[in-house]
Amino acid sequence: MPLPEPSVSKWLNADPDFALAKLRGRPVLLHAFQMLCPGCVQHALPQLQRLARLDTGCAIVGLHTVFEHHDAMTEPVLRAFLHENRITYPVGIDAAIAGQRLPTTMARLRLPGTPTLLLFDGDGDERCRHFGPIDDLALGLALGRLLPMR
Amino acid sequence: MPLPEPSVSKWLNADPDFALAKLRGRPVLLHAFQMLCPGCVQHALPQLQRLARLDTGCAIVGLHTVFEHHDAMTEPVLRAFLHENRITYPVGIDAAIAGQRLPTTMARLRLPGTPTLLLFDGDGDERCRHFGPIDDLALGLALGRLLPMR
Amino acid sequence: MPLPEPSVSKWLNADPDFALAKLRGRPVLLHAFQMLCPGCVQHALPQLQRLARLDTGCAIVGLHTVFEHHDAMTEPVLRAFLHENRITYPVGIDAAIAGQRLPTTMARLRLPGTPTLLLFDGDGDERCRHFGPIDDLALGLALGRLLPMR
Amino acid sequence: MPLPEPSVSKWLNADPDFALAKLRGRPVLLHAFQMLCPGCVQHALPQLQRLARLDTGCAIVGLHTVFEHHDAMTEPVLRAFLHENRITYPVGIDAAIAGQRLPTTMARLRLPGTPTLLLFDGDGDERCRHFGPIDDLALGLALGRLLPMR
């Protein structure tokens, strides 16, 4: 099954034609977040940065799913945010729909809010979906199941 | 000695004519921060919110000292940030100076960066200044010294 | 008011004639604990060791108040425990009473269990008593109130 | 390959004839610890108890490998320790050898100290060995690799 390709208005930290399809074969952690969401900033982002340093073979991809404070969470502010937080993995801006509160991908994948974490195995199948903070042990277990034994 | 009154372009979460002088007699914790500073958001703000819940008699006041990413950390974004983080104590916007990187109060008080925490006793004297993360035990001790025995 | 002198069968990490009275003039943190009490070992002891490193002027004194598993929590085991945990402040063994579950000082001071923390100011007056885990911020505030402003 | 069966003088929290072989088919986490080892008590044990609550299908087995303070870390003290810490998984007492500092299994498996964590997959092969504290994310990842995808 193909990875559900996010509909983004722009990719940051990646080539313009970046797509999840290019990660095929690796587990993918897709992280839906908003830069003004406290649970995202205080818990999920530092956790993903700890994870990124462990070099697991899993690809981490962010999705900025703005569904509130649309006027505040704009692309220039997001760029400054990524810079200050030293986030270097690809982050897509979920495509806004004029007059709609929810952005495209968030609505299509029925994400309940932020932070939401989705894990896909190397075949592109969704294996885990978690809304809200997840503790390190549970995240490690969920992701480890998708990695090869070594 | 009078409390050093911040030069702010606007007070949020407070009357327009708010001033530190109005807190005279109480210890004051002045917190210089930037909303895109990771150490401020991940460490200092949750810590101040734990402190606020302890009802110590100390007044907490924020000072948004933007010295980088001036175009991103604007008043509307700060308002959304305070709302999302449920910050209800007064927050002043340190007055920017055209063509200068440092805002007025930050330059005048020679604050080295963010987060910087300043503690003033009930007489308005600065008793503690700390740049960077401070752990809970050290913060409690520093602030407790300014509170009456009970 | 004099500090309530514990009735101990032996002082470890101190001269045999050690007494709280000798600390007069300094705030004293008296920590009633048991070496097999999980809350004492996992929370309170590491916290006190962080506190000890901050060099506050407060004296830390342990009191081993065995009220369960009397056959297990003996002096030789306590000595090994103090050695392994690198506890160097004075620790008194609360004097057991034959046929009684509670040791002498624990009963006299009506301590509800372990860990219990008692704070005395420099005049020997009890200023704070806390049963169970106390977080770092609250402990710092309680102790800071007993220290001189600086 | 068969699981390396510990040489124990007694199993606690298990039938007298308990053996790792009986767990065949499940991943096994073998935890070598000492009840007076601060890293074991403050870090590893609470971590294993969090893990036990997650119901992963992995079997947790403790091994009390006393190599210091032999006179203090005796069976009755260990029994009180397990009771107070509410440890309900099987714990073997690594068989002491008269005149030797290291107990039998610790020497045979060349364990470097405590805490040491060994992970075996469902076929009995050792897949991970870690001496000292391991953080939750790394432990979850290492263990997750041994669990079936779901």
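Each chain gets a letter, A, B, C and D, in the order it is written, and its residues are counted from 1.
Methods note: contacts are C-beta pairs under 8 Å (C-beta built on N, C-alpha and C of every residue); 3 or more make two chains touch, one makes a residue touch a chain.
Since this is a predicted model, take the numbers as computed values, not measurements.
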{"item": "Touching both chain B and chain C (chains)", "value": "none"}
{"item": "Taking each chain's C-alpha mean as its centre, the one farthest from chain D", "value": "B"}
{"item": "Computed distance of Cα centres, chain D from chain A, in Å", "value": "37"}
{"item": "Chain centre separation in whole Å, for chain C relative to chain A (CA means)", "value": "48"}
{"item": "Distance between the centres, which are taken as Cα means, of chain D and chain C, whole angstrom", "value": "32"}
{"item": "Residues of chain B touching at least two other chains", "value": "none"}
{"item": "Pairwise touch network: line, ring, star, complete, or other", "value": "ring"}
{"item": "Residues on chain B engaged by chain C in the complex (per definition of touch)", "value": "47, 50-51, 54, 56, 121, 127, 135-150"}
{"item": "Contact set on chain B toward chain A in their complex", "value": "36-38, 41-42, 46, 69, 71-73, 76-77, 79-81, 83-85"}
